[in-house]
């Protein structure tokens, strides 16, 4: 498995191919369409992330020291962003997730989605993912 | 049409902004309108040359500020043709105006078992205060249904009215659909049962002449920021016969006549409802906005807006797969729509990138979205400084959205 | 002293005004302070280039406005050293902040038989909301007496505190006397009984560094217009542990999470208490004022004000027949006085004619006037842009008054 | 007895002698000091005029078709203004009082006291005096 930093660089490189916002968003939309499906049983209110104008379901499990994320949204751009986050965070160790900096977001020109008051809640998603990592880490330590 | 929109646009400094390199197309007027230079300058001049606390001051600045403040009250009261400027209470906006009535009228005049009538298309500000009041008083919230077009069911309204009805609270214009409600008919029918009527005028007052005496409404609520004035200021018009009997709202300076620790007596109208240092700059800016509107002539802006609205409706309807939510016969200035199956948030994100400001979401009217079983809409809302060219830009932008998502 | 008052005065456009041909001497700062150009410009710039409704908007202007708005919240929360910017609620001013607590805390935490402690020197805004609450709840208003100097009787305060005390609400600085209350001691003693404390900071925050974490107060209330910011905006700091449990205040947009006609759930802090379109321009102007104060350095302005205050006190005391009301050991920036038997209104009328703005009357503290058995006072209140020359002008003006009336 | 208009002209003439505000106010203060006393029994809360920063007591009686006013205040400038009003209104017929225009106030440079929000309540005083006149007129007609 690649390290978080490496995946970030990979994503930045991919986006470097585009120089206008339209191509970037078209690519994000593609990424949204190709987001691996979440199991239907996990698309429940309990897994909803609040603070988003679109609905976002996020599910996490823990396998062999790695956190596995799956997610979905009713908005496709949001799904595209989730896809990026899952590429980066899924299948990583809790500590790596907790300590990740995620500079790629502004590097690929999505910093506008980073505002704490942004309605798509990119920050809420990241926060929720880190929270899951923390929960699994704590559980592990207590075993 | 002798309405020179390009000249008028020059009055609004923000309209020459560029957004992501594109000229700003501002179609989020139902959320908040832009301000003409005269409003901005009035505020600056006030703070640069007149600023002072008002009332009871014997010094020059305070007297000047007080006079300007009270003249503004008269002018705004006059604008809506209130009988007496004592009936015009300054608040921080529509939301506070409605809350004031829910508190001060509600706690005095609503009792257990009463009902309060609202409609399905109300803004949260005209729902939640009544919910809270009903819960407290053990009263019932009675909701007038609407049809598929987004018009209230007038017959159903009639059936809900009875001797236990304490108040009807209804919006003049729906902020999510653009529907213009038949408020004169509603008021007349309610009055035949001796029931007072509150009109949420947030979306009405900037678009046509409002005459509270002719309407005979008991309360009319509005916000300056939605009618080209500053934020943080608005008004409640209320009939003296109710205001006199209502409980005070906020308590503090200005609203008292005499305070002792044993007993406090309250000031006369309108001060009884205006505790604390008032927003003088806000009131003067509000007043400047009203004068600006008067000068443009609301008949002319109305006529121009109607034409623009028709043009926009036709243009949007021609886009394949575009569905307009709210198709009432009486409708103005607001078009809510969905593009095929595209999520409003996705559409909004792309439309924004083209420099066009529209709003997406539930527009603070969740029960209405539930009624139509949609997560929200894209809403374009127009005022007199918008143009047909801007409508054309919106159409182009929507077609781009379709191409990107479909 | 490296404090260049003449340079600072240039920051305030109004200070170069002439009144009846005389240079304006503005000594009514306790009523409302003047605004530096940066505050006025911030508001103009906002309306000319950024104006939009905030939150939930996906378009550029709305995102920019939201970001500026929420950054201002952080900056202001930081200015008073709040632990979390969620604890900073925007209100229309001190009066609304206190009313919010009276409503939302009071209706939740005060029960029949409880007592609420205030002092004799409170402003009406910190009296009447508690009177109304006590009446509603059948609770008791317990008033700390003050001595001839205008200092609260700390021992009497201790005796009033008991397990039935629901809240202590006390002013940081008396607007009518200038007394600085020992709020840290009051808070500590109250907390030893588990009683929360609200501080009316309207007259405190502009004069010295306020650190709510160090004070450990439970609520702190203040107005922007009294600290060089715009009118119509202010703040309530509250500890999260109370804010979380308190009832909502105004109801409407922004403060809800989800609305259906059956059930409405409320938003998280701070939005739970901020219904309706917020006063964005006001908040940004407020923030600019805070930044201006930070840049001047409140240590430096405090030091300058102390010196000026000493100078003024001595100069006024030297006038024969002049009696200062309020001679507390801890005192700042406000001098209330009477000149022989001359009615404050007579004196104020003449002083005004010399271009000097002072306030006369009861200063919204009638019970305090009753305590001293006077109809009111003449009040001169100073901030860092006032000068010794202005004090000299006041002295000259007072002597003229004496000559005219005696 | 002189007519209201005549007394107004007289007062305007008196004030014409002064060209600065200090002399005017000194004269007003003199007028305040020479205000004929009101009977103590009339200085009661019931006769207080509200809306003034200074206290103003006003009493009216009706004799031979004329209204007689007496008044007092705790502020001397206010007393001076009252004195002017009493010179004009006292001993006049109700109708003349009701219909009086009182241009003299701005002519002598006291217009600043005319603002409806002015705390000395000059307007309140005039209103109260006209109200008394109306009351006596109505009483008379009903007899």
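Side notes on the structure shown:
Lettered A, B, C and D in written order, each chain numbered from 1.
Just so it is clear, a contact is a pair of C-beta atoms (placed from the backbone, for glycine too) under 8 Å apart; a residue touches a chain by one contact, two chains touch by 3 or more.
Keep in mind it's a predicted model, so treat the numbers as computed, not measured.
Centre-to-centre separation between chain C and chain D, using Cα means, comes to 39 Å.
Once the centre of each chain is set as its mean CA position, chain A and chain C turn out to be 46 Å apart. Work out the mean CA point of chain A and of chain D, and you get 79 Å between them. For chain B, the set of residues that touch two or more other chains comprises 20, 56-58, 345, 349, 360-361.
Among the residues of chain A, those touching two or more other chains are numbered 53, 119-120.
An unclassified topology is adopted by the chain contact network, corresponding to no line, ring, star or complete arrangement. Contact between chains, as defined at the top, is found for A-B, A-C, B-C, B-D, C-D.
On chain C, the positions that touch chain A within their shared complex are 54-58, 63, 66-67, 70, 257. Within the complex, the chain B residues that touch chain A are 20, 342-346, 349-350, 353, 360-361, 375-376, 400, 404-405.
Residues 21-22, 25-26, 29, 53-55, 74-78, 119-120 of chain D are the ones touching chain C in the complex. Interface of chain C with chain B (complex): residues 13-14, 17, 19-20, 24, 26, 28, 31-32, 34-35, 37, 39-40, 43-44, 47-53, 56-62, 92-96, 98-99, 102, 123-129, 131-132, 141, 143, 223, 225, 230-233, 248, 250-253, 255-256, 258-261, 264, 275-282, 345, 348-349, 351-352, 355-361, 364, 366-367, 370. By the touch criterion given at the top, residues 50, 53, 112, 115-120 of chain D touch chain B in their complex.
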